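In the two assemblies presented below, chain A is common to both, partnered first by chain B and then by chain C.
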Partner chain A sequence: MADGNENWTCGKCGAALEKKKTVFSYLGRSFTHDVDVCPVCGAVRIPRELAEGRMAEVEEQLEDK
Partner chain B sequence: MNPGKTESVCPVCLRRIPAERVPRGEDIHLEKTCPEHGFFSAVVWRGGSGAEFGKWRSYVPQETGVPSGCPGSCGLCENHLNKTCCALVEITRRCDLRCPVCFAESGGGGREPGVGELFEIFKKLADAGNTFVQLSGGEPAVRDDLPEIIAAARRAGCKTVQLNSNGIRLGREPEFARALSEAGLSFVFLQFDGMSDDTYAKLRNIRLITEKLKAIEVCDRFNLGVTLVPTLVPGVNDGEIGDIIDFAVKRSPAVRGVHFQPISYFGRYPAPPGDGDRITLPEVLRAVETQTGGKFKIRDFNPSSCDHPCCGFHGDFVVLPRGKIMKLTKKYNPDACCADDAHLKNRSFVARRWTRPVIGADADTSAPPGEKSDYCDMSAFLSRVKSHGFTISAMAFQDAWTLDLERLRRCSLHVSDGASVTPFCARYITKAAPTP
Partner chain C sequence: MERINLTKLQSEDVTSKAASCVAGAPPPCARECPFGLDTRSFAARAENGRWQAAYKTYRDAVVFPEIVSRLCPAPCDGACPRADSGGTVNLRGIERTAVAQARDKRRDSYAIPQKAGSAAVVGAGPSGLSAALSLVSKRYSVTVFERETAWGGSLRGLPEFDIFDAEFALSFARLDARFEFGREISSLAELDGFGAVYLATGAGGEDFGLLRGFDPALLTTPESRVFLGGGLAGAELMTSISHGRLASRSIEAYLQVGRVSPAAGASCALTPDTSLAIPSPRVVPSDASGEYTDGEARAEASRCLKCDCDICARGCEMLRRFHKLPMKIAMEVFTDIRANPPYSSHTITREAYSCNNCGHCKRNCPESIDVGELLRFSRRARVEAGSAPPALHDFWLREMRFSSGDAGFYSPCNEKGTCEYVFFPGCQLGAYDPRHVLRSFSALRSVYDTGIFLGCCGAPAYWAGEDDMLEASSAAIRAAWDALGEPVFVFACPTCASLFAELFPEIEGLSLYELLLASGAAPAPPKRMSAAVFDPCSAASDEGVRAAVRAIAERAGAELTELPETGKCCGYGGHMMLANPSLYGEITESRASASELPYIVYCANCRAVFASRGKECIHALDAAFDLSPAPIADIDTRRRNSLEVKRLITREFSTDDAENSPLPAPWDDIRLTIAPETAERADRKLISLSDIREALYLARETGGFFAAPSGVRQCSMIRPALVYWVTYKPTDDGGFEVLDAYYHRMKFGGGETDG
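The block that comes next holds the complex of A and B.
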């Protein structure tokens, strides 16, 4: 993937990524979130703030005692 | 080593004696003989059906030998196997009730530690990493300086401050509850034995349901989470388990969960117990399933990881609109049992479920609204789990008849008086009361 400010393109296909609701299977549950997806090959870009933000929060909330 | 063999104490003289966990039909009894006072047997586990004693016990890492001072000279020593999850600090012996059953034998007077003295206890705990304290008694709310005590715990570095209370003063004096909230109280563990006045009349010698409902209403007003804590007594309120859970779900998010405590016989109680006076953990689990019509099932619960697995269980849920339940409890990981960080995980879990989020802190305008949401959207899920997280849990305390030293050595609920830190059941164990 290549960075062009906010406009990401797929490193493999060269297509511009599109924002799309995507299903994540995570810690035994399924979640949806809008992320950038390559319309050609389906590769998904997980931005750092999502990984370290909401996904980390979900992980914390689902952690058993 | 025979897995059934353990050690206990004589209920009459508290001398340490060999004991054995013996199958009796589908039940497990703890049996022992004191050379002076004879044979004792007490049921500790009734039936199975998804909560089999052998399976739950097998999660504990194998240990051999119990140190010679245990439990008679107990204060945590290097031989204790689990770390402190939660430290209980008694701030008074006084109580505004005179319950026929009371583990702490409350109701007397005596000297009370001042705020400065309590600050030193909190500081010592916090400096050692024990940042989760329970204020207990007696009834802590009889102290007019309770807000200052809570503030002192916070100032000392305690991140989570729990109040164990009968709720009477909280309900009657909303301004007092407000002061507790503003001082930094995290949540309230509310003595809540059932939905009917008769239950309170039997267990507490007074009709209290109106006071209990009022306490919940007032705590809700000041954003203080409330966890209901029923003491379960066979023949008194063991038929109300489902009703209590239904009520708690309806009062979510003000009510954060239900924490059942099967009755144990230490401190003050009417008479030495027979087996009919006991209700064991698997019975509580079965009652949760049957009395809620299967809304909560046995498989939704796991044994405790930060105490001995035969000391408690918990289930993790989210209350959705219209009282629907999302189940979060994951498959039990036996490796997590008694792991080195189990106390930290438990501390974090209960703090985030039982504390209500600061109002407005989780407002997320991108989250889909209310009733039709499937909560698959990450933002919607996070918002709901924080606001409406809900737990059902239980802890089975051990008395002089049921004390199993293997379990005691795994205790993570400890009582601190500044000088020593002692596992809960070792601190409160008492010799058998004389038969009236």
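The block that comes next holds the complex of A and C.
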């Protein structure tokens, strides 16, 4: 389900999402990554390619540490 | 079950579970070798033509390779288990080749500082030279006294002495041992200036009255600074040389701490398994000299079985993949508990969570070492320490709560309030096919005073290492058993049966299949079919249930062929699927392809696993009751089926329906449209339609979603272990068309976002 080419807006605020450095955390470790964020309310959108791609890789690496 | 106390846990508490492992223990040939040569490594290096490395391994053990390779009577030969499959391995022939092929025989010299302490060696025969060489290599000051004018002792006069003489010269070439030839020691007082003395004066030589009281294990004498060995102690040539090394160790201990302690006890004895040895005849040297060529020696070395124990790994895909011996696993299980990321890392997470806990390793290990239990210990300790990765078992723990909660129920199903038997179908039997529960229950009730207990045995908590949850579930089961008048449990699922046997030894249990067979209930018209029974791992120690299922299948007309091996998990056990999807794929494929024949199973999970691989497979109860197999149910259907079983039974026995029925969730009536392939994909990822409905409900209630110009929307739902995402389009009828569903394990925002 390709969703990376759409111009997403926040359903609550109506604002166009912007790429923003966001903090992620898993198993006690934190790091940052650029993702779509609502500039008004801060809601974060994660596309499937990211969730099942890079994020899944990092999750596995952190589980092994 | 004893709880883990992390603060009091000692490494021995864990490593003791693998202490009797014989992997890596000396093989029979090495146990006979006077030098304890590491024959496995030596033969492996020789086989690969790594002659320089093979020579070093050999020299490090035997001290003087030329002497030993020519004169050793090879007691190893009598111990070689190859005897019955082509003849024993000619180790000495290979040793000769290693000595001949090694290009550089100079000893390595290391920049070790000179040590305090000096030793006198009396006698420059093979034992004395061996001791002197070892001590001077360790940088002790050594003086060798020899009454003759040259070294060699008993070797002098042998036809090969020139070769041995050259080997001695090469051995001492870069070392500064002092030799005093032509000097006879007539009194120990002459050696007062030395910290320690080794008497190696040969057979019948001078012992200064110390032979009486000599300890052959440590070569000590009544005089604490004096040691003796070799021919003087009655040893033959090979033992004399090894005495030199032993004397060196004892003298070093004495010089450092003033006393000599016995060495650690012998390691466990290895019993080689030669069942896989392909017979091949001993390689005969083509040269008249009787010495092997390089190729002949390598071929002979390849005949060596490198005897070791790998029975557990041979039978287990997981152990083969991670390639760790039980003791290493035990040590890592302990250190893992103490890991403190990011300062120190966990090292055994993937192994711990990849195990099927099927017990195959323990059943096959000659020492009954249970690697699965070690790894489950790791899971339990990680939960206790709060460092378990929650996503790996979250799905099944939620299913367990559902099975024992909304879908749970027990009743004696009679007026008197207690029952003689209680049918415990397990959480998945009715979930995959309600008929299996209802028909079995009805068949049992036609013969026995049987009540019902719908619920979970606790396996998901057991496999996840969730001791708190398991204790709570076990307490509820005990309370129900008590309330029902302590009935005999009748199990349909062998996993429930084996877990009950471990957790509730006081509760008597029987298998449904044995009872069905004994009662003569459920005779089915025979239908001819060829099949193989796939025994679940949890039935590996239960011959009764295995025989009963075969009898039921044969009564239904099956012509059975036994699978090549049984007792291995289908892949479902231990709930390792999410922790190691590729290993799960390897295991399930291997089991599904063990035979071309369709399988008859008696574990609902085995059936689901095989169906997912496209393997033709029926449940034994399909055969027993002549049922056409139900299609494999998805997560939501399984939950509905479980509730339906409960509804039908509570209705039949007029129990309080309202009290036992779950309240509907506010998202239950959300209308979904979803393409079959999207639904299947979500189901494979263990995302239920109920999860999707809940996420959509939250989005609708809170307005928390994202919108694209195409009309596609996305919403998320944050749960303790996972963040779910649904991609969808609202439909005109107020419902939703689901286009995609996925999840990730990490949280965003940095802070606590558990919802």
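Heads up, the rule we're going with is that the second predicted complex is superposed on the first by the 58 of 65 C-alpha atoms of A that agree within 3 Å, B and C clash if a C-alpha of one lies under 4 Å from a C-alpha of the other, contacts with A are read in each partner's own complex, and residues count from 1 in each chain.
Keep this in mind: a contact is a pair of C-beta atoms (placed from the backbone, for glycine too) under 8 Å apart; a residue touches a chain by one contact, two chains touch by 3 or more.
Remember, it's a predicted structure, so these values are computed and weren't measured experimentally.
Residue contacts after overlaying the shared chain place A:G28 against chain B and chain C alike. Judged by the touch definition given at the top, the superposed model places A:E63 against both chain B and chain C. By the document's definition of touching, of the two partners only chain C reaches A:E6; chain B does not.
Of the two partner chains, chain C is the only one that A:L17 touches; chain B does not reach it.
For chain A, the partner touching the most residues, choosing from chain B and chain C, is C. In the superposition on chain A, A:R54 makes contact with chain B only, while chain C stays out of contact range. Overlap of the chain B and chain C contact sets on chain A: residues 23-24, 27-28, 30, 55, 58, 62-65.
On chain B, the positions that touch chain A within their shared complex are 302, 305-306, 314, 316, 328-330, 333, 336, 345-346, 348-350, 352, 376-379, 381-382, 385-386, 389. Interface of chain A with chain B (complex): residues 23-24, 27-28, 30-33, 54-55, 57-58, 60-65. The part of chain C that touches chain A in the complex is made up of residues 341-342, 345-346, 349-350, 387, 389, 391-392, 699, 702-710, 712-716, 723, 725, 727, 739-740, 742-750. Across the interface of their complex, chain C is touched by residues 1, 3, 6-12, 17, 22-30, 35-36, 42-46, 48, 51-52, 55-56, 58-59, 62-65 of chain A.
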